[in-house]
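My structure is below; once you've seen it, I'll send some questions.
Here the chain labels run A, B and C in written order, and each chain numbers its own residues starting at 1.
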Amino acid sequence: MTAAVVTGIGVAAPNGLGKDRFWAATLRGESGIRTVRRFDVSSYPSRLAGEIDGFEPTEYLAGRLIPQTDRMTQIALVASDWALADAGVEPGTYDTTEMGVATAGASGGLEFGQRELANLWSSGPQHVSVYMSFAWFYAVNSGQISIRHGMRGPTGVMVSDQAGGLDALAQARRNVRKGTRLILSGGVDSSFCPYGWVSRMSSRSLSTCDDPRSAYLPFDARAQGHVPGEGGAILVVEDAQAARSRGARPYGEIAGYGATFDAAARHGGGNGLRRAVEAALADAQAAATDIGVVFADGSGTPEDDRIEAETIAAVFGPGAVPVTVPKTMTGRMNSGGAPADLACALLSMRDAIIPPTINVRTIAPGYEIDLVIGEPRPWQPGAALVLARGKGGFNSAMVLRATAQVPGATA
Amino acid sequence: MSGRRVVITGLGVVAPGGVNTKAFWEAITSGRTATRLITAFDPAAFRSQIAAEVDFDPVQAGLSHREMRRLDRAAQFALVATRESLSDSGLEPGRLDPTRVGVSVGSAVGCTVRLESEYLVLSDSGREWVVDNSYASPHLYDYYMPGSLAAEVAWEVNAQGPVTMISAGCTSGLDSLGHAADLIREGTVDVMLAGGTDAPISPITVSCFDAIKATSPGNDDAAHALRPFDRTRTGFVLGEGAAMLVLEELEYARARGAKLYAEITGFASRSNAFHMTGLRPDGAELAAAVTAALDESKLPADAIDYVNAHGTATKQNDLHETVALKTALGDHAYRIPVSSIKSMIGHSLGAVGSIEIAACALAIDQGIVPPTANLNEPDPELDLDYVPHQAREQHLDTVLTVGSGFGGFQSAMVLVRPGSPA
Amino acid sequence: MRQITLRELQDIMRECAGEDESAQPLEQAADESFVDLGYDSLALLETQSRVKREYGVEFSEDDLASITTPREFVDLLNTQLLAA
């Protein structure tokens, strides 16, 4: 069965626009979290977010695209451009039918949607934009990306809260195995508008702390919720042999994947994260000892932190593997979070360095994890595990393997 | 991959004209249309004032008051359909290994009904941009992040395998079943609750289809407004509903003596990469999806006995689809019935693909081809046999269903009678 | 008597559907097709919707389907404004 490798990375995050800026900022422990500026947040109990500064869509996109796209789609399109450029795919390498798209959605283009809802209800149906028929729905990024890059192969959208990003990459691998040569995959989210904000707050998982250095502290004794972020990543997933034939240098292989769902309380409860991890390891034919770093979901809600810490300790042994949460610098980016973590994992393999978790100082008692705090940490690149969880019980896990270990891939 | 195969063993449908599978099938095989003037709200200010609504009484449908409070209408449909399909399949969740059960729910617009109604409260009818947090429902997050639709189904059946929502516009319901079939074939799960749900009959969705003039303004004759393949067609009529199907690995189903409706032998997705709402008349990518689905099924084009069409009755779709079918099936396209049940149940976006698959399973099981209603004046450019008005008895071994969606999605699935030589 | 110019149409279209940097002024491209100028059916629908709200004129669907150039749009709109 053919391998699926990642050959290109495009990232747009609150602490860096573009893969290089994002990665450099991440290694420096630079946070993009501060008080929301996009709308007046002052009346809300939660006021911090990771917002992307300095993204001017007209710098990257034709004027024609602007009225018909929510901010998150604009960012996704630009990230997709960057990913393809990073992969160095020459036009004409693949036929249009050999390329597809698989993105994760989460909240859709809700800023666009809130504007149109406002138009409808304050002015009337005739004030609703023609573009509303697609601009706010979850499928929009996949659709617009496929049009922009002329990709006529399989195209899909997965929605599973904050776990969806890994599910989309798994779908990309599935399609590569079925014969598609190249898939643009990942997720980008924003919905930084009052309605999106209030919606997030109703989960009761948002931190109400006003200090960016203390608001989002996964695994910390003081954990009291998370901070939202906007942005994400688009990755180029390719058939390993096709990538090799065109001389591409993959970042790494999507080696294993597992997805589970927690048992509902009414069925006795029971967490599924460990099964997802074990499934991903088995799928990668990897032992726990092969994993050199875990990019944790890092919920920031004590109960979820506890489950994740216990799971990691149980699978790998107490303190046995470095764990990190670079999301502490960006906030939780809905469908964009896990793809950004995948980007970090791949870059940490490339550069043999693990990014830090910032702001966390004291790991909660009983969490037997080796959290990388303070400084980035060198490692011997091996395999990385990325975890993503979603409200309701979604658990996804993905194992990435460094390129040198991919059979037949260029070192 | 091993030789794992996927069969449909249970059906649950909530559709306009039929709040359960039996009523739904009876309605569409008698050619009865469910399109009417919108009753969910006052449609007077809208261009298209009609819809195919489900006469849904949540209490009668078995929902508790907490479920009614918590769940968006689309989630309510999905839950009711899930319960019916589970019961139909004979599977008992308590006796399944939950880690081998997954869920895939397709939806295009998620929890729009509740998102809109909550918005009205929080924004004071659109007057305030900075909406008032103090009125927010504790369930608002679940409407905002509609993966909750899949979560609800998972809780209902205690699925602890992979659970996801598929949101690819109007092909969501089809793609959801394709995804579920993939997971079973891969060996990750043995059972999937798979389907689609949408409840888009809400002012914001009605407005956005009004804006692009995609929906029919045939308000004076609602019952006949959705006229697929007809020369006088004027667009689609918004519908709502859900279908949830139980999918099982074939040997697993056989071992327990399950009733097998149909086997899913092939599925393919393509994109026209052309325009978010427009279609190129050559239908090339839909044709490619059909061909790929046939290839996966290891079947030739002339194995198809019936095509369940996308048939939305827009000028562009019906032509696009007809050309695509001719391209993919050649002359054989002329020899088989092609019908659109949207003529009767409306277009329920992300749900309809699953409802149509349920119809295909029943068509195979019962040997009846549902008709295309309202087809009085065939468009001369569209010259296939669209089964006007009357259902037809016909033994079916192999059925093709297709869909196209905003965003360029083009999908196709092949279903086969269990035990047929195909 | 309200009449609209090509320049005003361009302003409306830019607001409704955006405009690429390389776009020609409609005054110079009045007889080129909207398609060639990069305006799709949605752009026209949105423009029409705005025109209806601001000028009170709505084209029939047949009329709208028959308009292919900026000049045709302006001429039809101005004819209907005169008649109103």
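We take it that a residue touches a chain if its C-beta (ideal position, glycine included) is under 8 Å from a C-beta of that chain, and two chains touch if they have at least 3 such contacts.
Every value quoted in this text rests on a predicted model; they were computed, and no experiment measured them.
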Between B-C and A-C, the pair with more C-beta contacts: A-C
Distance-maximising chain from subunit C - centres being C-alpha averages: A
Between subunit A and subunit B, centroid-to-centroid distance (C-alpha), Å: 29
Intercentroid distance (Cα basis), subunit C paired with subunit A, Å: 42
Gap in Å, rounded to a whole number, between the CA centres of subunit C and subunit B: 38
Residues of subunit A whose C-beta touches two or more other chains: 68, 129-130
Of all residues in subunit C, the ones touching two or more other chains: 42, 45-46, 49
Of all residues in subunit B, the ones touching two or more other chains: 211-212, 275-277
Residues of subunit B that touch subunit C when the two form their complex: 211-213, 275-278
Contact footprint of subunit A on subunit C as seen in their complex: 14-21, 23, 38, 42-43, 45-46, 49, 52-53
Subunit A to subunit C touching residues, read off their complex: 62-68, 126-127, 129-131
Parts of subunit C lying in touch with subunit B, wherever the complex brings them together: 40-42, 45-46, 49, 61
Of all residues in subunit B, those that touch subunit A in their complex: 45-47, 98-99, 102-103, 108-110, 115-116, 119-120, 122-123, 125-127, 129-131, 133, 136-148, 150-151, 154-155, 158-169, 172, 175, 179, 182, 186, 188, 203-204, 206-212, 214, 268-277, 285, 288, 405-409
